[in-house]
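For reference, the structure I am asking about is given below.
To keep things simple, chains are lettered A, B, C, D, E, F and G as they appear, and every chain counts its residues starting from 1.
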């Protein structure tokens, strides 16, 4: 205002002031129109005219400086603009001072109308598919038993009620965190993206459900939004999409890790049935205990069998004892036999010895000696007999011849003394001589008295 | 324990039980498997028996995230 | 003893039993085999007893923790 | 004595018996053979006694430790 | 005497008896032969007695040491 | 006397007797022969007596030592 | 006298008797011859008596020494 009152403006000053005014006034605006005169110079920026039945305005969409199509960069259309396409654009009004022209500098554009929307949907789907965003390999497994389920949906209405009640019914202890978003309208996609970010920031969410009831293609636009698709794909938390009804597939559905036909189905997919799990677990527990015990039992049986088969050597020992005894007895009987055989032989030999011994000779010799003795005696006695006989004969003969026989008839023989000479002549004697006279029986001595010579 | 996910624990438990039932383990392996099975089973059971349950609304207040009870639905849930 | 595994002991016992059944052992061998057999058998039995005690303990524990409490928790959930 | 194995002693004993049965021994040889036989027989018997005592000890020990618990388990399993 | 073996003594005795039975000995020879025969016979008898005593001693000894325990075991085995 | 053998004495005695019986001896010769005959006869008889006594002594000795125990053993063996 | 042998005396006596029978002796001769005859005859008789006595003595002696023990043995043998 101060400047306006200071006087005359240069064109440049004017254009600058218009520019300032317009840019402040139309800093952020939404405009809907039809694309025409679409040009894409080598710079890569898009130039076109946005028009309706009565009017038209020039528009430009600058290529993002990084060249990427990250959804945080607002400048990028998520679909290819085509001639005649109806779009809803967001941007601001800018004045190009050198020419004194104004135009829209757009940072986003959304298709409008069924045709455009369908077209954009297909374009986006093809592009993201080509990028590999829907690659099954990228899909994260849905946790079997989440502790906390994040639900991104409208906080009012049947969808969230259904999800909560199904989750509670199936698994009473599961927690639910609801991130409230609008599920349709221009800001819905942005809210959804924010909700994803919040959920990740909040932490502790095991699975996310992005849910919405069914609707027209236009109603579902946020779920076909590239930013939503990308935030789903980039989510580190597994995402179950549950948008619309069974036949409707949104880009979000393709990007999600799992697509549920309905929100209720999503809840069922996210939350397992606790009773079923308990049953399964207790089944496993039972089988575990059974298998453990069976193994023990089997091993016990095995061991018992082995123990049964473990041969006690006592039988072997008993056998050995028998054969040992047998041998011992055989040995004993053999040695006894041996000794007794010799014992039988020895007395026989002893008997033979005694019989052959000197006693026989002694007995037979004794009579021989007796006989010889007898013969000896006989011989000597015979000798004596013979000798006596011979002697007796001579003695008898001598007796018969004895000169003394006459003496029996009374004769006597006179003998001198002491010479004993037979006296035949008396003169051999002298008186006084003694003489001896032998008569038949005896002798006598006498003295000569007188001699009578003849 | 907290790190081991329920489904992993269940899967392990199931595999373990199946392996034990196949009966080609040694006693020691069997025992270890059994012990592990009991541990897994307990873990799973604990998990199933966890009592905490909340339904909350995540709200963003001046760049800070907080949770509030989800009141509307609480009343609805009881019905 | 702790180092000798049940399966190994069982295998040894079985081999021993088979050898004894073949019956071509001397008395001393037979005695030694029997002694070893008894030792192995005892070892195995001890191992089984231990294992059984362990299994029963674990089963009991896990039953106290998981199977018995179920109705309680069920009750809690309902209240 | 400890070095002479039972089987060897038994074999010697049998050889001795056979030799005596062949009957070509002198009385002195017979006696010596018998003496040796008695020695071997006593040795064998001692060995058998030792063996039996050992076996009985082992059996008694193993019955106290392992065989008695089995019927219990059997009973348990059936109940 | 210890050096003269039983069989030799028996053989000598037998030869002696045969020679005596042939009857061509003088009384002195016969007496000497008889004396020797008696000596041999006595020697043999002593040897046999010794042998018998030895055998009985050995048997008694071995019975005290080994045979007495047998009936016990026998009884055990049959029961 | 000890040197004169029994058989020689007998032979002398017989010769003597025969000579005496031939009867061509003088009284002195006869007497001497008789005397010698009696001596020889006595000698022979003594020799026989001695031999008999010796034999009986030996037999008695050997019976005391060896023959008496035999029946005992015989009886034992038969029982 | 000891020197005069019985046979010589007998021969002298016989010669004397024959001479006396021839009868050609004086009385004195005859007496002397007779006297000598008587002496010789007596000598012979004495010699015979002595010899007989000697024999009897010897016989008796030998009976005392050898024959007397015989009856005992004889009795023994017959009994």
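Everything below uses one rule, namely that a contact is a pair of C-beta atoms (placed from the backbone, for glycine too) under 8 Å apart; a residue touches a chain by one contact, two chains touch by 3 or more.
Note that the coordinates shown come from a computational prediction; the quantities given were computed from them, not determined experimentally.
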item: Given subunit A and subunit D, the chains that contact each of them; value: C, E
item: Chain copies touching (subunit D, subunit E) - same or different residues, decided at half shared; value: different
item: Reference subunit G; chain at largest CA-centroid distance; value: B
item: Chain centre separation in whole Å, for subunit D relative to subunit C (CA means); value: 34
item: CA centroid of subunit B to CA centroid of subunit G, Å; value: 166
item: Centre-of-Cα separation between subunit G and subunit D, whole angstrom; value: 100
item: Contacts with 2+ other chains: residues of subunit C; value: 6, 27, 31, 34, 38, 41, 45, 48, 51-52, 55, 59, 62, 66, 70, 77
item: Sequence positions of subunit A contacting 2 or more other chains; value: 172-173, 278, 281, 285, 292, 296, 299-300, 307, 312-314, 317, 320-321, 328, 332, 335-336, 339, 342-343, 350, 357-358, 361-362, 365-366, 373, 380, 387
item: Every chain pair in contact, whichever chains are involved; value: A-B, A-C, A-D, A-E, A-F, A-G, B-C, C-D, D-E, E-F, F-G
item: Partner subunit A, residues of subunit B touching it in the complex; value: 5-7, 10, 13-14, 16-17, 20-21, 23, 25, 27, 30-31, 34, 37-38, 41, 44-45, 47-60, 65, 67, 70, 72-73, 76-77
item: Of subunit C, residues touching subunit D in the complex; value: 26-28, 31, 34-35, 38, 41-42, 45-46, 49, 52
item: Touching residues (chain side subunit A, partner subunit F) in the complex; value: 336, 340, 343, 347, 350, 354, 357-359, 361-362, 365-366, 368-369, 372-373, 375-376, 378-380, 382-383, 386-387
item: Subunit D-touching residues of subunit A, taken from the complex the two chains share; value: 297, 300, 304, 307, 312-314, 317, 320-321, 323-324, 327-328, 330-332, 334-335, 338-339, 342
item: Touch list for subunit A against partner subunit C, complex; value: 172-173, 278, 281-282, 285, 289, 292-293, 296, 299-300, 302-303, 306-307, 309-313, 316-317, 320
